[in-house]
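When the chains are written out, they are named A, B, C and D in that same order, and each has its own residue count from 1.
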Amino acid sequence: MKIAMNTGGGDAPGLNAVIRGVVLAASQKGWEVFGIKYGYQGLIDTKQIIRLTPEVVWDITNLGGTILGTASKGDPFKYLVRNSDGTVAETDISDKVVSNFKALNFDALIAIGGDGSLRIASEFMKKGIPIIGIPKTIDNDISATSVTFGFNTAVNTATEAIDRLHTTAKSHDRVMVVEVMGRNTGWIALHSGVSGSADVILIPEIPFDIEKVCNKIRQLELIGQNYAIVVVAEGAKPVGGDITIIEKRSDGVVRLGGIGKKVAEEIASRTGKETRDMVLGHLQRGGAPTTFDRLLSLRFGAAAVRFIAEGKFGTMVALHSSKIHAVPIDEAIGKMNTVPLDSDIILTARSLGISFGN
Amino acid sequence: MKIAMNTGGGDAPGLNAVIRGVVLAASQKGWEVFGIKYGYQGLIDTKQIIRLTPEVVWDITNLGGTILGTASKGDPFKYLVRNSDGTVAETDISDKVVSNFKALNFDALIAIGGDGSLRIASEFMKKGIPIIGIPKTIDNDISATSVTFGFNTAVNTATEAIDRLHTTAKSHDRVMVVEVMGRNTGWIALHSGVSGSADVILIPEIPFDIEKVCNKIRQLELIGQNYAIVVVAEGAKPVGGDITIIEKRSDGVVRLGGIGKKVAEEIASRTGKETRDMVLGHLQRGGAPTTFDRLLSLRFGAAAVRFIAEGKFGTMVALHSSKIHAVPIDEAIGKMNTVPLDSDIILTARSLGISFGN
Amino acid sequence: MKIAMNTGGGDAPGLNAVIRGVVLAASQKGWEVFGIKYGYQGLIDTKQIIRLTPEVVWDITNLGGTILGTASKGDPFKYLVRNSDGTVAETDISDKVVSNFKALNFDALIAIGGDGSLRIASEFMKKGIPIIGIPKTIDNDISATSVTFGFNTAVNTATEAIDRLHTTAKSHDRVMVVEVMGRNTGWIALHSGVSGSADVILIPEIPFDIEKVCNKIRQLELIGQNYAIVVVAEGAKPVGGDITIIEKRSDGVVRLGGIGKKVAEEIASRTGKETRDMVLGHLQRGGAPTTFDRLLSLRFGAAAVRFIAEGKFGTMVALHSSKIHAVPIDEAIGKMNTVPLDSDIILTARSLGISFGN
Amino acid sequence: MKIAMNTGGGDAPGLNAVIRGVVLAASQKGWEVFGIKYGYQGLIDTKQIIRLTPEVVWDITNLGGTILGTASKGDPFKYLVRNSDGTVAETDISDKVVSNFKALNFDALIAIGGDGSLRIASEFMKKGIPIIGIPKTIDNDISATSVTFGFNTAVNTATEAIDRLHTTAKSHDRVMVVEVMGRNTGWIALHSGVSGSADVILIPEIPFDIEKVCNKIRQLELIGQNYAIVVVAEGAKPVGGDITIIEKRSDGVVRLGGIGKKVAEEIASRTGKETRDMVLGHLQRGGAPTTFDRLLSLRFGAAAVRFIAEGKFGTMVALHSSKIHAVPIDEAIGKMNTVPLDSDIILTARSLGISFGN
């Protein structure tokens, strides 16, 4: 057997551990593994394919990023090419990907990626490439699996940052607003906010009233706490009106952002408190995976190899109640895992006196 | 409402976060919380009771150990007292505990502890103390809950230590044997061994053949890996014969131990490899809880307060599939959570080429 | 003896360890120590004075921030008071500080702070308060001492952040620009940049040419490195022209800032590379001190007590070649410790191929 | 220029950063660098030589251990060979090392190692190999340089371990005895003990009286501290009598050890306190270097290349007061850097109430 593997989308801590899991498990079966660099780029320009042996991956469990790189030009179905006149046009070169895949005699492709990458994987499946998906989302927002690798590390990084901001907030009687990842879901904000003893947590699932946020800060002062920590998911939004800054980039991507800064400004002007904001941004994607994510990643990688041996093509590795399941990719994509409003962690946060600004 | 709380048995990272969770959640309801120091000692000598306010617990989420101390003399049903002639005798002073509890007008006791502590809690329940249990076992060996706080931190500490030993093993072409916690179960050894790229993992659930362990090390040399990492749970035991050293202490406690050292000696003499052993011991209990354990601990603490509000006395807080459940204490005690031989992590480990010595 | 102690200016990791060092060392001599909260505020409103016993400070070595808080209204010689008509005016209430100090029978004041705080201390010395100074600057920019506590921790935090950004830069072929502290000096940028394998380091001491920065990035691409890490001190400035954004705040403070963002924008537009920027900001002040800073802080605290015993008032604790010295405060203030252009670390950086953009 | 480089003796965090420093700095000059594996083994069996390019070393700053391996058979002047009758004999094969060095047209050798390795380097210098030494000792016991790489990391690892033991000691009212590295000098014990809030520190430089150690523990109980942390350097020894266990191994090596265990037993039997001991051992050698050690290592590596360019053969890289110096190897070897009894850190420790058992 000859297996190909790629990684797509934003990097997440644990990607290299998944790669190691795949390579070691395949190697135990006597299979060969090849890394397709930069998403599907290596199946367009086949010089971008590398042989992955146990030696190559031996020490990478602990390494952040992905040794395969991720897609820069993205989707082969909508590939960006530069015309002779300098303009950029979209073209479908998926057939080339398929023909290269077959010409190289690959028996299967393990596609590691988020919702977008899994969608593309599903289309290639329909075009005849036998695919096993491995979900990757640092935001933990794929509903078909109870947890994804990278999430625990991101929460950890965010919590450590909140810890650091705590001490400086307390020393200076300040309100610190920290914006964490989570465009559509508040998982990172919720987990890191509760773990990091935040006073206010704002998440996309619960539209907030800025005045209620300020009231919480005023109440804290009444009981002698002159500082506050406000954790804001990048996709948090106010009730009704909208203080979110939306940036529509020339490449069509719509970026939220600046919500943390905006919230900080509102708090400062409404409460008169000295307020600072901080965007954690890329820090949350980088660095070595936590032990939790290392193990999860190795399990996902090993499971993908088992799924190939069992011929479960078209499925994605998923975890439920500490058991690995094969979920059809088509069932998995497009289903967002948002924070249930009655979830135990929300309940816990409220019990601890944390405000969601509602 | 006036709530009492104690912590029993060995300390586990997260105990203070549980305490914080209880105090903040109770305080939101307007209840008072009191800490019973040193297990049940504070209900024997009531000077050992402290008032726990939000201020007292505000900064303790991150603190290892337990601000309440744990039991030194243990079980009030078999309390050790020193007679006038210097001999030590066992006596039952549980009635005194009950009467003090009532005299102080406590409405409930939150007992945080392992299997032994939960057994005692169950007996006090029968004597009329309304009890909510919170399971505590760093070994993750209580079957009624899918995970317990402290376990993730212990795995993390063990994995970091294995990481460190890796670099020195590799530089010196050595076999490093590291003994981790796990008297009855191999959870810590398994999780840290897989995450830490061990070559051999020995756990109580899978009796090992020392010759097969040595064979694995010899095979590694053949493929050019001149070093090896062997992770041994303290309760690991060989097939048939027994190379475990058992120490029967004067206080009746039977301590396993030295299995790591013994395994190292056997490997050195059978393979001729330079071998070192290391016992992680108490390092695994100490230190700040990981983010994962912080959150879990806060959830357990907040849930115990909810259980009191709902009158669910006689139950224990448990987690299943990210949901909190109330499990009757009597159903929970005595049921060991051992590693299932067909569990996905065992499967993963074997896929990665890790030997269990069988 | 009855000693007072305060902390001024921005917080730095290690402040609490200094406080612990002072309290334990004074306590061994049988002296009493009192903490003046919020800079000199506690000597204006004496309710803001707390007794510091060994018990109070026992566990604080490891704690970020300062349990004494830092000055909010700042300088008692230019104290801000609100008039009845709502306007704010500056007034000199230094005499009140002196008279309260004497009324409380304090024998000495240990003033922990940066250049500004030491200046104020010097003025109070002239007004009759026996003062020992302890230098505090996270930027390491006081020339009278070879190193200050907090600096190693800040470098560590910055380096960890750079490590994290590395993995994501590499996975995405990006230029990551990270702005670190250092308004007047490049110590943090230099230490963290070299330790963190930066490709370009921009510091105030070496005005940079943005085109040379871009050339470095283009050269890296030629040798196959498609990403780059650029570390920018917040006070870095271009040769001749100035791309620094200067914000003049209403309180008269001039804040640099945004230089990282500006550099990122220039790189993106000139090289066409995907570029991201990140401001580490307050993260660098917070958190637990490193072991190095813990030890240095305890030494500074203990030395201050020795200096009092020896009557060395008007001096500041300083370190040179691992020895503690008493330096007259008046000699120490106003002398900036900038990075010498021929220093060994600059030399090392250039040897490693790191560009300073000049 | 064609440079060779090797690493000798026990591994220390930072070795790989030194290697990286050498390779990048040499590469900037257009020189070639080769790694001699396993000490001088690669100059005996020249298949054990690897080309070191910037690509090979790019990511290794952060990696523990040494990618070159360290000597297993040690000294080429006293090389161990197995005779046909199975006995092992010592022989001098240094001429072979010299002739291979010349046959391979190497222009210089950078020898990274401790006192023993530097002695061998000095002998090879006399035989015509142009050598630059880089000192390596995790114990910080070479007097010719004010600090060596690896030491800060070892102190950090020991301090973190002491932190963890603190929380469990406190929860259980126990005495924890932790044995750290330091056969001849107490630097690691002293730095980690003070930073980690130890109550007693025992170092080789100050012979201890076990009864005074016990008195300190009894005094702590009187003031309400029912636990204690005792940090013991592996080479600590009692006044007069000797409770050190010395193991004379068959290979002639004399190993101290067990002093921590012995001290723990004595404390338990004399004070009646529950006591545990822990040997940190190999943990202190492993793992990623701290930021401090990364920078120092890179500086040492870059300096060695400068020394070659300047023809300073026969010297060793040393640091004094933040400046790099070239110290003749022959002046450096055999001069132990012990803790001065009047050093500021000893003074600080005593000020904080820490006992040295004397």
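As a working rule, a contact is a pair of C-beta atoms (placed from the backbone, for glycine too) under 8 Å apart; a residue touches a chain by one contact, two chains touch by 3 or more.
Just so it is clear, the structure is predicted and the values come from calculations on it, not from any experiment.
Asker: What chains do subunit C and subunit D have as common neighbours?
Answerer: Shared contacts of subunit C and subunit D: no chain.
Asker: Please compute the C-alpha centroid of subunit A, do the same for subunit C, then give the distance between them in whole Å.
Answerer: 35
Asker: Can you give the whole-Å distance between the Cα centres of subunit B and subunit C?
Answerer: Centre separation, subunit B to subunit C: 42 Å.
Asker: Enumerate the residues of subunit B that touch no fewer than two other chains.
Answerer: Touching at least two other chains: 160, 163.
Asker: Among line, ring, star, complete and other, which one matches the pattern of chain touches?
Answerer: Basically the chains close up into a ring.
Asker: For this structure, enumerate the chain pairs that meet the touch criterion.
Answerer: A-B, A-C, B-D, C-D
Asker: Per the contact definition, I'd like the list of subunit C residues that touch subunit D in the complex.
Answerer: It comes out as residues 21, 24-25, 27-28, 54, 58, 61-62, 146, 152, 155-156, 159-160, 163, 191-192, 194-195, 197, 290-292, 294-295, 298-299, 302-303, 305-306, 320-324, 343-345, 347-348, 351-353.
Asker: Taking the touch rule as given, give the residues of subunit A at its contact with subunit C in the complex, in rising order.
Answerer: Residue list for subunit A touching subunit C: 7, 10-11, 13, 15, 63-66, 69-70, 72, 157, 160-161, 163-168, 170-173, 176, 274, 276, 278-279, 281-283, 285-287.
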